[in-house]
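Shared between the two complexes below is chain A, which has chain B as its partner in the first and chain C in the second.
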Partner chain A sequence: MNLVAMPILLPLLTAIAALLLRADTLRRGIVIASCAFQVIVALALVILTARQGPIALSIGDWAPPFGIVLVADLLSSIMVALAGIISLASIVYGYLELPCRLEHPLRIPLTQFLMVGLCQSFLTGDLFNLFVAFEVMLICSYALLTLEADDWDIKQAFPYLAINAVGSMIFLAAVAFAYGIFGTLNFAEISQRAAGMSDDPRVLILAVLLLGVFGIKAGLFPLYFWLPNSYPILSTPLAALFGGMLTKVGVYVLLRVFGTVLPQDLSGLHTVLAWLGGVTMLLGVIGAVSRNFVRGILSFHILSQIGYMVLAIGFFSPYAIAAAIFYNIHNNLVKSSLFLVGGTISLLNGTDDLKRSANLWRATPLLGVAFLLLGLSLAGLPPLSGFWGKLMIVQDGLRQGEYVLIFVALFTSIFTLLSMMKIWNASFWTQDASVPVRIHDRRWIGLTAVTCTMALLTVAVTIFAGPLIELSHQASEEIFKRETYIRAVLQLKADRGGVVDQAVSVPFEAVSDPIDGTSNPWLPEVAR
Partner chain B sequence: MNLARSFIFTRVAIFLFFVINLFSIYLLLRGHNHPGGGFIGGLGSGMSLVLLSLAVGVEQMQKVLRVDPVRLATLGLLVATLSSALPMLWGDPFLTQYNIKIGGVGLGTPLIFDIGVYLVVIGITVRLIVILARPVEGLCSLTPIERTRYASEIEKPIDQPIEQKIETNWGGQG
Partner chain C sequence: MLLETAILAGLLFGFGIYQVLQRSFVRILIGFVLLSNGANLVILAMSGDPKGKDSPILAEGTGPHVDPLPQALILTAIVIGFGLLSYMVVLLYRIFLDYRTTNAADLFEEPLKEAKPEEPH
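Moving on to the complex of A and B:
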């Protein structure tokens, strides 16, 4: 099914076209049309995978152990669709914010290359290809961070570059290690061969390495310091894209690797993951409260929200994974819309420093309503979309008896509300005659329109929370019972006359349940 | 700035420029079944251009190359992408390759893909070196035409006074 390759191919072609064309209105039209088409393709992929289960494509018609496969299961398609929606919103916002003459001509090509990397990392079914996708994504993000930067910004961007370069190196080492253990890098095949190897210290080391790498990418507790200072230097639309999607790739990969690839009974590591999530959310929200400019607050909130999702992954039950997926849907939209609100605030007040902004409620009540909806949704007030995700996480935590972590999560919610109210009070509610509101700059109308559209989208997530939670449950089911995923990939191998591992004919329970190490033929002599 | 160059070095480098390029095309063509291919061939050809820029100066080298290196890389990317996307038209998987034999010489679509890679690598190598080498020779790092294509007129879209930037720092005043 070539549809799986389309989310990668379309942004690639768009980027090439954008590099060849002059930065004018025509190019903008083409880019927007392409982005809209990407959203349509991604939604088609979601519908298709929801109905038929995972779709796999062997690139270049090479069978899995040698060729690379692209696999779209429900989780990947949901992530691709979210990336498409957020990139469309961010590009439209960028177009309304700056005229063609002032926009950096490389911004659009780089954003599209970034989308290539994003979609590839969501769709790939191969560990090394995941590394390549990460590199594509990271190199574009380095360039985008420093595209319109001055000296100060470059100083802030440096930790981002340094830590991610080190992370990539460890990732590459981990990939080599995985190949050494399993003799394959295909997710489905690793998943088969690793089942029952959870006692093997090498698998544990691999899991810890991968946890470290993806923890860096997601901004997890000990190694999160690169994030909150580097994101505020981005211009608003890029911050929305980065904040909405880029760190979530780390969460997605944690879900994929711990859910689909590695053995499911690494319970010690799952506990570590949950605690790391808990600490991250607490420190993130404390950082957010301490900041006094909108982008800074929101950048710290990225960490805190990542903490929630990782906490849910750490609980590691089908219900908690479904919660993480739903929370992801909600959070990507809300977070990027909040960055867009922050951009509109800084356009109207000329700054997003909370001390020097005021009067916005009187000037633009609509923006205020949008901000309230988004901010309260982020804090998790019922009945907004954030509430349902948090409710599911808390329910599962209580069921598993993790009372301390649940307390931390609820505590974090209160502080989230506090920091959102900080923005609300300073920018919207305060009246200060000395602060000008640049209402004559007509660009704010378009920007508010984009922001409100995104806010409406999150309201739609609230209204259709039922079907979306069902979708998340289906996606989590797919992750947990790897049967359909593995079958989709190995079908490609069987079609080309390849020798399929014995486990494909074994009933699913035998694959996923912890089995005696001796029955696993992939275990070397030492471990037997 | 007028760098004094050794006459011997300049002559030898100009001669080697052709030899290296010939060898890089040989590497490109043998890449299908032997060590070589578009990437390594492109690196060779890019290096020959770098050598030329040392011998005759960056500006002169850019006159020899004639095209904007980023355009060259983009063209290569386009060739590679189209050659890999083409099989999708008749329903074969993305990146499927076709090989035929004409009179004992194997030809195939991987060669088109490889030529694309070759161009990308030349473009990027030259771009990286030129942007560093031009300031060394006292030139602006972007040519005027590149400035219209790859540079922006403004530094920052959002007005951000310096005091606030200090607050962004970890050790700054809270």
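Moving on to the complex of A and C:
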């Protein structure tokens, strides 16, 4: 089904077109039309996968073990749809913020190439292709981070680049190990062959390597320091895109790799994952309370929200995974909208330093209402969307008896509320005659309109929480059961006349060298 | 053969990480070169011992072939590693131009004396 390739091809074509065209209103129109179309395609994909189950496509009609497969299951299509919505909002916001002649001409092409990498990492069904998609995404993110950075800020890009580059090299080595152990890089086939190998030390080492790598990309506990320093140097629309989607890719891949690919009884590693999530959320929220400017606070909050999702993945029950997916839907929208609110605050007050901002409630109550909705939703106050995700995570934690972690999670929520109220008090509620509000700068009307639309979208998530939670349950079932995913991929192989593995797993000794017949665990099976 | 490759890859990773953790920009760059070569070597080792096997060109009368897939993977990985490295060179050069230093530790030193006057109480 060729629709699966569309979310990758559309931004690619848009990026190339944007490189060739001059940066004027015509280009803006084309880009917005394309982004809107990407959202429609992604939503169609969600509806289709929700009805039919996973859809697989072999690129260039090469059969799965040698060719690359794209697989859209419900989780990937939900993520693609979220990425589309957030990129549309961020591009519209960027257009309203800066006139054509002030905008950097490379910003739009790079954002679209970033979307190529994002959608490819969501849709790919192949471990090496995942590496390539990560690199496409990361190289664009390095470029966007430094594109408009000034001389003082540019140093913050270096730790981001360094930690991610080391992570990529370890990822590459882990891909090689996976090929060595399983003789394939296809998710579905690895999943089949790994099913009975959970007590094999090599699988455990591979799992730990992958956990480390994706932990770096997601901003998990020991290696998170690069994130809260590098994101604030981005301009507002890009910060919304990065904060909303980029670290969530790490969460998505953790879900995919631990849910669909690796054996499901690695319970020790899942416990480690849960605790890493707990520590990350605690340190993230403490960092957020310590910061005094809006983007800094929000960047630290990314960490604490990542902590929530990873905690849910660590609990590793169908219910918890569904909670993680729903939380992801809620958080991507809320987080990027909050970055947009932060940008509007700094436009109106001329700064996003909380000490020098005030008077906004009187100037623009609508923005205040949007901020309150988003901030309280992030903290998880009922009945807003954040509450339902947190409720599900807490319920599952209590069922599993993880009282310490649940305590940490609730504690984090209170501190989230505290730091949101800090922004509210300083920017909106305080009255200070010495602080000017630049209400004559008419751009704020458009920016507030975009922000309010996003806020309305999160209200919609609240209202339709029921159906969305059901959708998350369906996606988590798909991850847990695996059969539909594997069948969709192997069907492609069978169509091309390939031999489909019937055995669930390959025992340790089965891989032997054809030359001298001795057991050689390093030799992949496909070689023969 | 495989043992030697494993030791070499381990050494490359070890030295690479060590160099990345140094302060000098040039050492950091060399560290990344070592790391990416180490990772490529690991991939190469996955095609197994090449002893007694022909190169993967299918022709009459050739025996068992070396697994060609890791070689294709390395080709991609080399290109990506090269792109990453060239970006890093440019970034570090730009930082050098802005800060007039090639020492990563100098970049993140807190300017203690400048910070104090900002707080009146």
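Please note the rule applied: the second predicted complex is superposed on the first by the 502 of 528 C-alpha atoms of A that agree within 3 Å, B and C clash if a C-alpha of one lies under 4 Å from a C-alpha of the other, contacts with A are read in each partner's own complex, and residues count from 1 in each chain.
Assume a contact is a pair of C-beta atoms (placed from the backbone, for glycine too) under 8 Å apart; a residue touches a chain by one contact, two chains touch by 3 or more.
Note that the coordinates shown come from a computational prediction; the quantities given were computed from them, not determined experimentally.
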### Message
Looking at A:289, would you say it contacts chain B, chain C, both, or neither? Reply first, second, both or neither.
### Response
neither
Contacts of A:98 with chain B and chain C, given as first, second, both or neither: first
**Message:** I'd like to know which partner A:459 touches here: chain B for first, chain C for second, both or neither.
**Reply:** neither
Exercise. Answer with first, second, both or neither: which of chain B and chain C does A:58 touch in the superposed model?
Key: first
*Given the touch rule stated above, what does A:157 touch, chain B (first), chain C (second), both, or neither?*
second
For A:12, using the defined touch cut-off, is the partner it touches chain B, chain C, both, or neither? Pick first, second, both or neither.
first
Output check: A:449 vs chain B and chain C. Expected answer is one of first, second, both, neither. What do you get?
neither
Check: chain A residues flagged as touching chain B and also chain C 152
Note: in the complex, chain C contacts chain A through residues 2, 9, 13, 16-17, 20, 28, 32, 35-36, 38-40, 42-43, 45-49, 51-53, 64-67, 69-70, 73, 76-77, 80-81, 83-84, 87-88, 91-92, 94-95, 98-99, 104, 107-108
Within the complex, chain A is touched by chain B residues 70-71, 74, 77-78, 81, 85, 88, 91-97, 149-161, 164-165, 167-170, 174
Seen from chain A, its contact residues with chain C in the complex are 66, 128, 131-132, 135, 139, 142-143, 146, 151-152, 154-155, 157-158, 161-162, 165-166, 168-170, 172-173, 175-177, 179-180, 513-515, 520, 522-524, 526-528
Listed in rising order, the residues of chain A that touch chain B in the complex are 2, 5, 9, 12-13, 16, 19-20, 22, 57-61, 70, 97-98, 101-106, 147-148, 150, 152, 156, 229, 232, 235-236, 290, 292-293, 296, 343, 346-347, 350-353
